[in-house]
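Which chain is which? They are A, B, C, D, E and F, in the order written, and residues in each are numbered from 1.
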Amino acid sequence: MEYPSLEPGQLARVQGFIENYRNKNQLKVDHMELIDPVQVAIDYADFLPTSTIPPEKLMENIEDLITEHIKYAPWKSFCRKVLNNEDIRRHLLVAPGAKTVHHAYIGGLLEHSLQVARICMSICDVYPNLDRQTLLVGAIFHDLGKAWELSGGLINDYTDEGRLLGHIQIGQEKLEPFLKRSKTLDEGLKLHLKHLIASHHGEFEFGSPTVPKTPEAFVLHYADNMDAKLNIIDQTYAEMDKTGQEWSPYVRFLERNVFRPQPTPDKTRQQHDKPENQCLLPLKG
Amino acid sequence: MEYPSLEPGQLARVQGFIENYRNKNQLKVDHMELIDPVQVAIDYADFLPTSTIPPEKLMENIEDLITEHIKYAPWKSFCRKVLNNEDIRRHLLVAPGAKTVHHAYIGGLLEHSLQVARICMSICDVYPNLDRQTLLVGAIFHDLGKAWELSGGLINDYTDEGRLLGHIQIGQEKLEPFLKRSKTLDEGLKLHLKHLIASHHGEFEFGSPTVPKTPEAFVLHYADNMDAKLNIIDQTYAEMDKTGQEWSPYVRFLERNVFRPQPTPDKTRQQHDKPENQCLLPLKG
Amino acid sequence: MEYPSLEPGQLARVQGFIENYRNKNQLKVDHMELIDPVQVAIDYADFLPTSTIPPEKLMENIEDLITEHIKYAPWKSFCRKVLNNEDIRRHLLVAPGAKTVHHAYIGGLLEHSLQVARICMSICDVYPNLDRQTLLVGAIFHDLGKAWELSGGLINDYTDEGRLLGHIQIGQEKLEPFLKRSKTLDEGLKLHLKHLIASHHGEFEFGSPTVPKTPEAFVLHYADNMDAKLNIIDQTYAEMDKTGQEWSPYVRFLERNVFRPQPTPDKTRQQHDKPENQCLLPLKG
Amino acid sequence: MEYPSLEPGQLARVQGFIENYRNKNQLKVDHMELIDPVQVAIDYADFLPTSTIPPEKLMENIEDLITEHIKYAPWKSFCRKVLNNEDIRRHLLVAPGAKTVHHAYIGGLLEHSLQVARICMSICDVYPNLDRQTLLVGAIFHDLGKAWELSGGLINDYTDEGRLLGHIQIGQEKLEPFLKRSKTLDEGLKLHLKHLIASHHGEFEFGSPTVPKTPEAFVLHYADNMDAKLNIIDQTYAEMDKTGQEWSPYVRFLERNVFRPQPTPDKTRQQHDKPENQCLLPLKG
Amino acid sequence: MEYPSLEPGQLARVQGFIENYRNKNQLKVDHMELIDPVQVAIDYADFLPTSTIPPEKLMENIEDLITEHIKYAPWKSFCRKVLNNEDIRRHLLVAPGAKTVHHAYIGGLLEHSLQVARICMSICDVYPNLDRQTLLVGAIFHDLGKAWELSGGLINDYTDEGRLLGHIQIGQEKLEPFLKRSKTLDEGLKLHLKHLIASHHGEFEFGSPTVPKTPEAFVLHYADNMDAKLNIIDQTYAEMDKTGQEWSPYVRFLERNVFRPQPTPDKTRQQHDKPENQCLLPLKG
Amino acid sequence: MEYPSLEPGQLARVQGFIENYRNKNQLKVDHMELIDPVQVAIDYADFLPTSTIPPEKLMENIEDLITEHIKYAPWKSFCRKVLNNEDIRRHLLVAPGAKTVHHAYIGGLLEHSLQVARICMSICDVYPNLDRQTLLVGAIFHDLGKAWELSGGLINDYTDEGRLLGHIQIGQEKLEPFLKRSKTLDEGLKLHLKHLIASHHGEFEFGSPTVPKTPEAFVLHYADNMDAKLNIIDQTYAEMDKTGQEWSPYVRFLERNVFRPQPTPDKTRQQHDKPENQCLLPLKG
C-alpha cells in the first residue's frame, strides 16, 4: 500500500505500532490519513512549542499593565480598541516573536511585548520624567506587525508582506485606522507613538527607518534589545541544562559562546535553581 | 528710529537707496515694514531658487509619461487620482527634492521624480521583461513623502513628521487611502508598489526599512541614486563655471572632488557648451 | 600695572568693580593675586558644576542599595571595604562621569553608578533568575577606573594613565587587591565580577576587551548605555529649556537632533513639569 | 579493465549504454578514451553554457553601437583597432563575464559589455550633456581585463595574473599600447577613458583603485552594477521557473531572497511571459 | 568485551594488531586501558605538534636577546624575575600561540614572542630613536596572558578566564606584582610597558582596550601582526608542498587564497628550497 | 604705485625694508618683480622644506642597498635602468612622499622608499625564506607613481593624472616599458613585482586593487604602513618639542593624541636626546 507523501506543515492521522529494533524505537505505520485543518478543529498548541504561560494569560497581564499605568483616557481607549479588535487579537494570541532567533513559539510575541513593557515601566521608576504612558503604548505595540510578518503555524516563515515591507511598516498600517479614528488623542502623541515604533530598531544599519530622537524611544530600543538577548540566553541555558555544560556551543545570533556563571549563594534563590519552565517570566502567585 | 529685528524666513518691505562706499554698494534703509505672508499674496518663486523648467511644466511631463507608458486602467486611474488630489498637487508643485544636498529648490521634487521616471523607462527599453508600468508608478511616487518631510518655503527645514518618521513612511501613509479605495487594482500590484517605495534607499545602512527584492526595485534604487548624484555634479559644475576651474572644491556629500573632463569634440554638442540653466533637463521644443 | 597672565585652571583673587558699557557689564580689575590651591583651602564645588544631589548623599544612596540587595556576607564585606578605602572614597566623591559627554560634573561618576545600579535592580524584578547581587557589585564598580582616568578638578582632562590604559584596566587594578584579600569570596564570583567590568562596553569596536557572555553582563552593558544616553538628553533638554525649542541643535555624541515630544497630559506629572535641577534623579523624601 | 581517472576539465570519449536501475538511469561504460584538446578540434560551446545570442552576434551588436554613436574619428578608429586585434577578439569571443556570480558562460563578457553600453546610451538620452562617445568607449572596454582574469574554458577559474593584479589593471595594460599609438586622440580623452575603467567599481571597498569623479564615471559604475544584479536575478528566476516558486532560495551574492512579483496585466507582454531564453537581452528581429 | 568510551583528550594504552582490509589498515583492539595523566608521567610532546626548535632553546634565545639589548639594570632584573618565576616559566614552556589560527603547537607562544622581539629589534636598527629596551620587554611579554588564556594540552581550548577576560588583562595581572615589587623601575617606564601590552591589538575593533599612542606601541602592533600572518602563510605553504600547488585553498583567517611566487634564482637560497621544518625560524649554527 | 597681485605658487623678487611697529616687524615693499621660473634658475629647496639628508644622498643610499642585496643580474639591471632613466630620476629627486600627511617635503618620496626598503631587508634577516631580492625591488618602487601623482613644487597638489588614476596605476605604467624590455627577467618575477605594487595598500577599503597574497607582499604592506606612521609621529614630536608637551594635540590622520613616553635611561642614547633634524634617518658617519 502506498501512503501519500507528506510535505512540511501537512498534518496526518497515523495508526500503527512501535517496534524495538537494535535498541531503537521504530514506528510501523498501518494506516495514514491526511488531515485538512480547515475541516477538523486543530489546536496547534498540541503540535507546536508554546510559551510557558498561556497566551491568554499573557494578554491579561498586558491588559493589567494598561489598567495600572495608563490614566489618560484617550490612550486607554486606544489600547483597548486595538487589543479588542477581533482580527488583531486572533493574530496576537498565536504569533511567535521571531522566525527562529528568539521567542519562536506560540505566544512568543505577547511574551516579548509583555516583558519589554515591564522593563520600560521599571525604567520609568528610575527616571520619573519619562512619559510613562506613551512609552507603555509603544512597548505593547512596537512589534505588532510581526503578527503578520510571520505566518506562524506549523511552518513559521515570513509572509510576502513580511519580506517585502517588514514588520515596522505593517504595524504602522495596522494602527493607522485606530489613530485616525481617535479624535481625542492629540496629534503630538500620535506622532510620538509612531516615532517609537518607527525607531525601535535603534540604528539605521538594522533597517530602522529612523533612529530614536526622544528619551522614550531610546528606552524602548534598549528594552527591546535586552529582552531579545535575554530570551536567547535563556533558551541556550535550557539546552545547556540537558548536558550540564558551563559553556554553550557558539550561538550564531549572539556571535559568541554563552557562559553560566557561578551564582551568588542565596537561600531565597535556591528553590528556583532548577527552573522547569522555558522562559524567564516571573510566575504569578 | 528703530527697526524690528528680522528672523530667518521673515519677509519685509524695505525702502531706501544705494550708496557707493569704498567701491562697494551699501543699502541705506529709510523705511522697513514686516510682511505677513498670510495677508499678502506672495509668490515665493520670486525669492527662492526654482527649477529651470516651471513646476507646472514638470508635472505635465510626468502626466505625459503616464499617458505614454501606462496602459493598465487601474494603474492609470490610481496615478491620476493621486496627482489630482488637491492637497498632494499643491505640495508637489512647491516641494524641493532635498534639504541641501540635491534639487534643493522649488520644483526640485518634481524634477527629480521626472528624471528618475525617465531613467527607469529607458532601462525598460534595455530589459523588456521588466514590469514597466508598476516601475513607472514607483518612480513617480518613490519620494512623495518628501513633500511633507521638508517644510519648503523660505526656510526649507525638516518638519517634525519628517524627522520623526522619515519620508518613506510619510509617503506610504499618503498613498494608503488611494490604494485602499482602488478596488480594481490587484493586491499583488499594490504590494509591489509599496515594496518599491519601502526599498528604494537600497541598503539597510541608509535607513531602508527593506532592501530591493525584485528587479524593478533594484532599477528604481539605482535610478534614484544616479539622478541624485548627477544633480549634485551638475550644481557643482555650475559653481565651477563661474571660476573656470577644472576641479571642484571638496564636495562633502560625494566625499570627493569632482572633475570636468575634456569633452569629445562634437559639432552637435558645441552649441550646448555653455549651459545657462541650472539643471540637466533636456529642453522641450 | 601688569597682571600675571592666567592659564586655564589657574585660580586668582580679583578686586575691582563693574561698569556698564554699551549695555554690557564690564569688569575693571583693580587688583589681582594668584591663589595657590595647596596653601588656601578651596572648595572646588564653588567653581565647578556639581550634581544636583550632593556626592555624599549619592554615596549614601549607593550604600543603601548594598544594604537592601546584598545578603551574601562576602560580597557585602567586599563592597564596604572598597567604598571605605580612603583613597578610593576621596576620588569617588569628586570624580566626573566623563570628560565632556555625559555626567561631566563633580559627583557625576557617583550619580551615573547609582543610576546604573538602580536600572539593574529594576531589571532583576522583571527577570528574577538573574544574579542580583553580583550584578549590583558590577554596576557600582563598573566605571571605578574613571576616578583615575580623568583628572577632574578645574581642568577635567584625561590623565596619562587614563589615555594609555583606559578606565577598564585601571578599575581592575584598583579592585584586584581587595579581591585577592577576600578569602571567603568564591573564585567563580570574582571572575564573574571581573567579566562584568571587562565587558561593559559591550562591543569590541568600543574598546571592550571582551564582550558580555552572561545575562548579567548584557544587562549591565545596556544599563550603562541607557543611563549615558538619557543623561546626555537630559542636559540637552536643559539647554533647550532656555530657548523654548522643541528640537535641539545637532548633538555630536548622539549623531542626531533630539526632540522633546508632547507629554501625555497627567495631573501627577504637572508639578514636575519645570524641573529646576540638572539631572533626572528622583528626589528623596 | 581499468579506466584512467578523470580530472576536472579532462575531456574523454565514452562508449557504453544506459540501464534503468531502480527508476534511475545508469551509464554502463564499455570503452573510454581521453581526448587531447590540442589534437582534436573541440567546440567548447558543445560542453559549456553559452549566451543565448551567439558571441559573434553580440560583437556585431557592439560594433553597431559604435557606428551609431561614435562620430569622432579618433575614438572610432581606436575602438575598431582594439576590437579587430586578433588576440583581443579571440579572447572576447569566449570570455565569461565572471567566475560564478553573473554571466558565467561563453559570451558572458560580451553580453555584459553590450548591456552596460546600452544602459549608458539610454541614460545619455535623459542627460544630454554627458559625453556620450567617451562613455560608450568606457562601457565597451570597462571589463576588458576579464578576458584574461579568468581562464574560461571547461574550468573557468582565475588565472595567476587575474588573482595577483585584478582585471582593472590587466585591462589598462591591454589598452595602453593602443592609446599610445593613437596620436590623434587628445591626452585629456585618453585620461578620461582610463579613469572610467579605473573607477568603475565605484567604491574603494570594492577594490576600486579610484572612485568616479566625472558624471560619465558615475553612470558607468551604476550601469555596470545594475546589469550584474539584473543578470543574477534573471538566472535566479530561471531556476525558480523550474519549480514554480514565487520566492528564490537565499542568493548569497545578493544577500537576500528574490521575489517574482505579480506583473501588471499587459497584452503585449503576455506572449513573453514564459521566456525560454536564459538572458534578458531583447531578441533582434 | 566492552571498552570504555573515549572522550576527546582522554589518553589510553591500546594493545592490538593491524589488519589490511580493502587496501586500508585497520586497527583490531585486543586490550584498552585508560591512563590517568596525574599518576603516569606523560610527555605531551609525544602526542602533540611542537615547534621545530624545542621550547627550552626558544627560551634561551629570548634570554640571549635580553642580554644583548637590555642594558638598564631595572629592566634586566624585571625580565629575569618574570622569566624565572616557576609558575610562569612552566606555563610558557608548553603554551601554544593561539587556539587554531597560528602557532597552535607546544612552544608556539615562545616562538611567536621570540620572532616579534626579533622584528622589533631589527626595526630599532632602522629607527635608532626608538626606546629599544622598553620595546623589547613589551615584545617578549605582549602575549604572556595567552599561557593562561588557552588550556594547551591535548584539548587546546580557551579557559574560563581566557574567555571571560581575554589574554591582555590576564597578562597585565600576571605582571602587576613584579612591577609593584620593582622599586627601581621608574613609574613612567612601567606605564609605557603596560601601554605596550594594552594597545598591541592596534585597533578598537580587535578588542584592543586602547590604541598605540607611542612609536614603540605602533612598532609592536605591526610586528605582532606581521609574525602572525607570516606563520599562517608558512603553515599554508607546508600544506601546499604536499600537493605541489601554487595556490592554496581559501584561507579563512586571511580571507584569501595564498600564492607561492616564483623565487628569484639564488645559489645561496637553493639549499633551503625544500624546508623540512614547519616554521620559518632561522636555524642556529 | 600698484603691485601685481600674487597667487599661491608665484615667485617674486621683493625689495624694501623692515620697520618695527608695535613690537612686530613689518615689511615695507619698495619694489616687487615677478619671477618666471622657466627663465631664472631656481633652487626650490631654498623655499621648500627638504629632507634632512639631501635627496642625492638618499638616492645613493638606495643604490647601495641594491648593490648589497641584489645578486640576480636581471633584477640589478632592471633597477639601474629605471633609476638612471632621466625623466624618472629627475622626478624622484624632488618628489614629496605625500601631499600633507607624511614626508610632505622635497626628498620625502626617496626617504620613505629608502626606509621601507631598510625595514624589508631587516625583516628578511628574521625570515630568511623570504625572496629578499624581489621584495627589495618592490620596496624601492612601490610608490614610484607618487612622483607624478603630486605636482611637488611650491604648490604640492594632486595632478589630474594623480586624482583620476592614483599612484599605483601610474607607477605600473612607468615600470611597464622597463619590464617589457627586460628579456632575461622571468615572467613570474615580473608578475610578483607587479603584485607587490598593486597590493601594497593592503586592504580593499584603502583602494588597493588587490590584497597581498604572498609573504613578501604582506611584509611590504606592513613596512609601508609602519614608516608612514612613524614619520607622522616624528613630525608630531618635532612640534611638541617646541612647547615641551608630553601629549600632542589631536592628530587627525592617526585619529588620536600621541604621547612621548619617558625613555629608558641610556648613556649611548643621551647624546641624541635633542634631535635637531626632522626625520628619524640614522646619520651616516
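The definition used in the following text is that a residue touches a chain if its C-beta (ideal position, glycine included) is under 8 Å from a C-beta of that chain, and two chains touch if they have at least 3 such contacts.
Not measured: the values here are computed from a predicted model.
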Can you tell me the C-alpha superposition angle of chain E onto chain F, nearest 5°? 180
Rounded to the nearest Å, the gap between Cα centres of chain A and chain E is 47
Expressed in whole Å, how far the mean CA point of chain A lies from that of chain B is 41
For chain A and chain C, what's the span in angstrom between their mean Cα positions? 36
What parts of chain D, by residue number, touch at least two of the other chains? 160, 163-164, 191-192, 195, 213, 257, 259
Following the definition at the start, I'd like every touching pair of chains, please. A-B, A-C, A-D, A-E, B-C, B-D, B-F, C-E, C-F, D-E, D-F, E-F
As the complex stands, chain F meets chain E at residues 71-72, 75, 115, 118-119, 122-123, 125-129, 131-134, 186, 188-189, 191-192, 195, 211, 213-216, 218-219, 222, 225-226, 229-230, 233-234, 256-266, 272, 275, 280, 282
Show me the residue ranges of chain C that touch chain F in the complex, using the header's touch definition. 160, 163-164
In the complex formed with chain E, which residues of chain A make contact? 246-247, 257, 259
Chain F-touching residues of chain D, taken from the complex the two chains share: 160-161, 163-166, 168-169, 172-173, 176, 191-192, 194-195, 198-199, 204-210, 213
